[in-house]
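Okay, here's the structure, questions in a sec.
Each chain gets a letter, A, B, C, D and E, in the order it is written, and its residues are counted from 1.
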Amino acid sequence: VSDDSSMTEQDDSDGGTTDSGTNGESGGSGSAQTVTIGVLQPRAGDLKYYGDQALWGFLSGLAYKGGTEPPTDAGSGEITVTAGDTEYRLLVRDTEFSADTAQTAATNLVENESVDLLAGCTSSAAASRVVTTVVNQAQVPIMLGPAASADITSNSDTCSDLVYRASENTAMDARSGGKYVARETDVSSVYLFGADYSFGRAVVNNYRDVLEAEGVDIVGERFVEQGYAEWDGLLDNAEEAGAEGVVGGFTVATLPAMFNAFLSGEYSYRVFGGFATRITNSVVGGTMQSVLGEPLTEEKIRNSRLGPFTTRYHWNQYDNPINDAFVERYTTAYGVVPDLFSAGTFTGASAIHQAIQESGSTEGADIADALKGMTVTDTPKGENGYSFQSYNNQARSAMTVANPIPTTDEWADNWGAAIMPGEPLARISADETTIPKDSDQMGCSL
Amino acid sequence: MSLLELNGVHTYYGDSHILEGVDLSVEAGEVVALAGRNGVGKTTTLRTILQLTPPREGSITFRDESLVGLETHEVAERGLGWIPEDRRMFSQLTVEENLRAAIPDPDDVGDGLRLAFESFPILEERRGQDAGTLSGGQQQMLAIARGLVGDNDLLLVDEPSEGLAPQIVADVAEALSNASEDVTMLLVEQNLPLALDLADRFYILDKGRVVDDGETAAVTADDERFRRYLSA
Amino acid sequence: MNSPVSAETQMLLPTVETMVGVLYFGLFAISFDFISGYTGYLSFGHAVFYGTGAYAVILIANGKMPLLGPGTPFMLSLLVGGLIAIVLAILVGLVSFRLSGVYFAMITLGFAQVFYVFVRGWDYVATNPRDGPAVGPSHAEGFQIGIPGIDQLSLSIGVLTGDEIALLGSTLSGTEVSYYMIGLVVLACYFAMQRIIHSPFGRVMIAIRENEERAIAIGYNTYLYKLGAFAISGFFAAVAGGLFAGFKRSASPENSFYFLVTGDALLASIIGGFGTLAGSLYGHLFDETVREFLSKAGQGGGLLPYLRALLGQETLDATLLGETTIGGLIDLLLNGHASLYVGLVFVLFVLYVPDGLLGTLRTRLGGTFAEALPAKLWGDSE
Amino acid sequence: MLRTQGLTREFGGLTAVDSVDFELDTELCSLIGPNGAGKTTFFNLLTGTLSPTEGTVELRRDGQWEDITDASPHETASKGLHRSYQVTNVFPNSTVLENVRVAEQAHSDAATTFWRNVDHYDEFTERAHELLDRVGLAHRAEDLASTLSHGAKRKLEVAIALAGDPAVLLLDEPNAGVSSESVDEIRDLIEAVAEDYPVLLVEHNMDIVMGVSDRVVVLHQGAVIADGPPAEVRANPDVQSAYLGGYEPGSLDDGTTTGSDTDAGEGTA
Amino acid sequence: MIVEALAEFLTLGELGGVIVNGLAKSALYVMIASGLTLIFGLMGVLNFAHGSLTMVGAYLGGLLMVVTVTGGTAPLTRLGLFFVAIVVVFALLTVLGGAIETTIIRPLYDRPPIYQILLTFGLTLVIEELVRIVLGVYDLQPLSDWQAALATKPQFLREPVALGPVSAGWMSLFQILLGMITVVGIWAFLTKTRYGLYIRAGSEDAEMASALGIDVRQVFTVVFALGIGLAGVAGTLLMWDPTWGASVPLAAETLLPAFIVVIVGGLGTFRGTVAAALVVGMADAVTTWWFQNAIQFTGLPELVLFLVLVVTLIVRPQGLFGVEEVGGH
């Protein structure tokens, strides 16, 4: 679909600092254009780390397009990045991982800063809130991510031609990890656990659909509070129910306690699901170290029955020039490797730039039009790695399934967790990962 | 030198000037009555001595040591006891615990309790009852007993007969009278005959000042001196 | 825009949006003060009424309230929310007013938390009840304040949905219109409560605070008076919640039913002066201003961006000890840590301005009898 | 006006009020008895503050006896049973005037009005001023009640009880802690109000009791042991031994009094 | 379904497990609430900062353990170090409590209780943000439990122990033991020592007590300091419990249950607090079982906690052991 990738090369000399940009060749008009994007991410507080990775991915995407190093001063406030003849004014706002704060910030950006576009949200609750109360009201498009609840792009209440998501979602987790487990392992009965809010519910719903379709028995299902810790009883129940596998749809607030209980007890099933961020890896790694004893070995981990996990993206799973450049610049700029959020937000930024180039306009509506059905050229999953499905504006991309392994020395410094994702056990191609248009779980038809 | 001496004591509640220069003294061994109509500052005088309502001006000395600026418990430790006008029970403590709380030295508890129960047998009967459930008069007795067991050198007694039946007043009078053999007292009392009977000397307070004083032996309850300051 | 003066004003002044919040939350704080400051019964579960009002408005707008369609006028929704709150207040009050003091505070807290947990798990109110409901596409237009049915006398509220009007040559944005319209409702409610306080009924409320036993002994059935006052206060709390939901177009259990919401109202009344009604509004204004001043991370105003701009990049990059830069230190101490300073301000307030803003002002001015009254709560503790 | 039949109240094992049959006419009746005899408890039973273990309380209204045994305190108060308290019990942070005004207001229908300003109801304020005048507190009308001295508070107690035209006045030691000059004032006050209302008075000051009462009832260990005109009661030997045989001026010197026996039997039932 | 679950619930193994679990929870509740009871019941100060001080205790205790324990430390040595940590944390927080009382609580005694609520609430904000800042500097995730501290727990405390048909955790038994020690200690202090008497007298009428020669200020300082010390001890204990763990939200998580326990028990009665902790702990254990096995309502255990509060107050307005208002005089 897409024709050129040459754009990225052109502006090297600009160095991304000039804001007059009178030398833009591609537009033909000779005048530089400015796009204002309101970026919503947690920038402080307990979940700042999520926001860091998401924002850094986004900045890396733009910088990559501009051929520059990603800006390091990415606190909150205003960041300017130039790519080609387009200057991106990024107004970064802290969402505190809260729907309320996100709504207020988004409203403010739209009303007082007249942003052309919104981007972001890490919490699924915040994302659907912003879509309902701001995007639809103000008709300002959003590039959503890394909030992962599949619901947002599959539910008629929230999906719209203003809502795009390059980032991977929970349905994609389920459709890759779930399918793999159903087909490639001997697990035939599964117990599902999830946090009782948008994200956890989405994980459980998607796994249920996928696993049932694959003929796997769902022997139980339970939602618990975020941060729930009394896992012994629940895990016993899963054992009694005859589960051969258990899925946990949680964030770092809950996973440590769950894994801790799982590793301390003697359960016959395996736990699989999504392989989450560096922070989760480091907490789970720490738990493994304390329960299984140091040093961790691949064998110990395998015997612990933790995995395999579906991974949306990890730095060591893709071997292509874009990814190589991405990982290198990212690591240099931020001192850590990108993690599962980073590819999606990188692609979101990349897609926005591509849309501006294609439409030649910086109007939100035009950008949205251009995004429709777009195949994104420059992505960490390779050239044309992501493409937006026109029926729900969710980008599809390949996924992998991998086991955790002890962190290798090569990455020890920039990963900082005791475990990391190993070589992919399987790769699931893009067209198999998302909810198909005709599925009855797809409530969105645009 | 007097046991207790007040010189030019001025006390305020917020902005209202209550004591306007009180001078009085109490010698060791005597019982001194402080009389005056309602609201002239009798209670306030006692509170000021105890530093519950510290004076803004003037000196208060006890055994030649200034009390001004001390904490109330420090004043108490120097041997001053207080029997307040509204009884101030520790209502959720038992009768016995109320008494124990007033005895500083654990070794004296036995003697103290014995003294209290001898003076007021009803207290012994009720020793395990919460003080808050005693009748008004019983509470008054407990308050007095609490003042007596503390082994004090000077007792500040505020209207001990208030609300007491006549024959209990007699008990109280006797208890105080017995006690006065060992302990010096400054006594605020509305019951003039009783006050005069117990006391060796008296002061009359009016509008925050001592306006008269004298020996009780020389006066009667309907003396002109009292009429002037105590009647309308 | 970039003159230093404007930077300073921007840093200090709360935004219009914040001010709208001050109005509706101020009303909630006033309603809290009405019951707690005047009868001495600390309604620690007051948020339940605020939440009721907020949820009522959204549920009605989403067509989820039986008998009432999405087209129901906002003013009517407010009233409906208020009436539900009255019923709720009476039910809760019937049981709770057998208690007093801390026990009363705790049982109302208990009730409110039961509702909070319940609403958080009730699928009917939202797809993800835990995240709370938002006004959906079925009610895309703004909520109108004014006289229902007469368009000329009604204006829409909301940052994005509010009406813009041209007035005397300048245009008022949707937020500003919201400010005035919500202000009108809040003012009307305030006057209503003020009037009640100065009525014979209000004097009985004060008598209850001063000495309930005696109030009973002179012939007041204080139970009924307390219930009445509780219902009235619940009504206005719900109106406040409705205004909040009407303006924000969303609500969540955490920002409506949760006990810390009551906590904020308590802070507001204390800072403003307990038992001063209007003080609560100023109290909340103060609270918000301080928070906003300290926590605006990138919204253009506030201390952190101001310091960053003031010091310049070079100073910010200068290193202090080892690896920490000045910028890093400022970020460490300020970014997202407004609570630290808000907490300090409260501590100082309690220690040095105990009567609150309005209370202190009134004392300074030598308030009259009615004004001197509220300075103390719950009487002297013996 | 007011009568009780077999009125009994027990606290745990203690019978504080022991089957009291009592009737109050349009008269000034004093209730005396040793400390702990059950006087305050009796008041609390009459006003509904405590509910009796047994027995009934009836109030005569419009020529009819009405059972008020189970009435709550606010009901008995609105039926006209007004009381003052042994321990000062006022509205401390309200002005003296407001203390009486709010009591006055209690006895009208206006109290539930919440839409009209209080200033609209001048009659309450006027009546309150009159009552303050009557008890001699007019000059303190605008002060906070908490700043009154003990004696002044006692007067305020009485003024509050007088508000709202009582059917019966129950006064629990209105003189407690009042100086002798004020005692006379309050005594005059009691006599004056007794002209207008039936009064039941608890009092330890025998001068007053004997001076003002039409009738004296003596309570001992919760039971009535004497009932009659003052002179007769004073002469009653039981009363002498149970109650009056107390302190006489000058008795301390010869040490004749012993208080212990008189109280010993109390309340051990 | 429900009937089946009930039948299962009533089997000896399940019920016994629930009871042991309930006792362990009760022990934790009593630990969390006892400091609050002391301060609240005796001084009338509603200490909203109690939870955050518990949280500080958890981090301090964790820090001591993490610093002293290495992978090779023997289980019994770990246990010993744990008791040392308890003592050290108790000492540190007692000093902190004394400092807080003398500097900012003391000026408030003459004021209505509401001011103490506000002040300690402000204190909570300050303490929590300070902890966050420190955690930020050391890059510890403040939201989830501090795993390194959890890891210092000796292995055997993670293991189950069979008591007849009942399978319980060693951890539960350990908690029950510590709870009992605390209860007995506090009870003896309050009723058997002179200082306990002074505390009770001073809390009822400070003026009168001081006139009897009791240094009421000092008494209050001591009570407050001890209360805070106990909060710290509770925190240290919670640090090892996976259900709680050292984290910033621990402050809020412990505060409400602590208030509930104190109120359900009846203000000012330590006996009541112990009884209430039993009731609440059992209710918690029972509903946790039902939630995990039969009833799919996430908020259930939390809901039940508040229902216990509401129902208790409806049935006994003064709490389980609270005294009714004394009427009369």
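To be clear about the criterion, a contact is a pair of C-beta atoms (placed from the backbone, for glycine too) under 8 Å apart; a residue touches a chain by one contact, two chains touch by 3 or more.
Predicted model, so just to flag it, every value in this text is computed and none were measured.
Asker: Tell me which chains count as touching both chain A and chain C.
Answerer: Chains touching both chain A and chain C: E.
Asker: How short can a path of touching chains from chain A to chain E be, counted in steps?
Answerer: The fewest steps needed to get from chain A to chain E is 1.
Asker: Suppose chain centres are the mean of their C-alpha atoms. Which chain sits farthest from chain D?
Answerer: A
Asker: Which of the two pairs, B-E or B-D, is linked by more C-beta contacts?
Answerer: Between the chain pairs B-E and B-D, B-D carries more contacts.
Asker: I'd like the Å distance between the centres of chain B and chain D, where a centre is the mean of that chain's Cα atoms.
Answerer: Averaging C-alpha atoms per chain gives centres 28 Å apart.
Asker: Please tell me the distance, in whole Å, between the geometric centres of chain C and chain D computed from their C-alpha atoms.
Answerer: 47
Asker: Averaging over Cα atoms per chain, report the distance between chain C and chain E in Å.
Answerer: About 32 Å separates the centre of chain C from that of chain E.
Asker: With chain centres taken as the means of their Cα atoms, state the distance from chain A to chain B in Å.
Answerer: Each chain's C-alpha centroid was found; their separation is 80 Å.
Asker: Would you pick out the residues of chain D that each touch at least 2 other chains?
Answerer: 40, 49, 86-87 - these are the residues of chain D that touch more than one other chain.
Asker: Where in chain B do residues touch two or more of the other chains?
Answerer: Where chain B meets two or more other chains at a single residue, that happens at 133, 135-136.
Asker: What residues in chain A touch two or more of the other chains?
Answerer: Residues 45, 196.
Asker: Hey, which residues of chain A end up touching chain C in the complex?
Answerer: Contacts found on chain A: 43-45, 48, 75-78, 91-94, 96, 98-100, 103-105, 107-108, 110-111, 125, 128-129, 132-134, 136-138, 151, 155, 157, 196-198, 201.
Asker: What residues of chain D sit close enough to touch chain B in their complex?
Answerer: 11, 32-37, 40, 86-87, 147-152, 173, 176-185, 204, 206, 243-252, 255, 257-260, 262-264, 266-268
Asker: Quick check: in the complex, which residue numbers of chain E touch chain A?
Answerer: My answer: residues 71, 132, 141-145, 147-148, 150-151, 158, 169, 242-245, 248-249, 288-289, 292-293, 296, 298-299, 302.
Asker: In the complex of these two chains, what residues of chain E are touching chain B?
Answerer: Residue list for chain E touching chain B: 194, 197-198, 200-201, 204-205, 207-217, 268, 323, 326, 328-329.
Asker: Which residues, counting only chain C, touch chain E once they are in their complex?
Answerer: By the definition above, chain C touches chain E via 42, 95, 98-99, 102-103, 106-107, 109-111, 113-114, 117-118, 120-121, 259, 263, 266-267, 270, 274, 332-333, 337, 339-340, 342-347, 349-351, 354, 376-378, 381-382.
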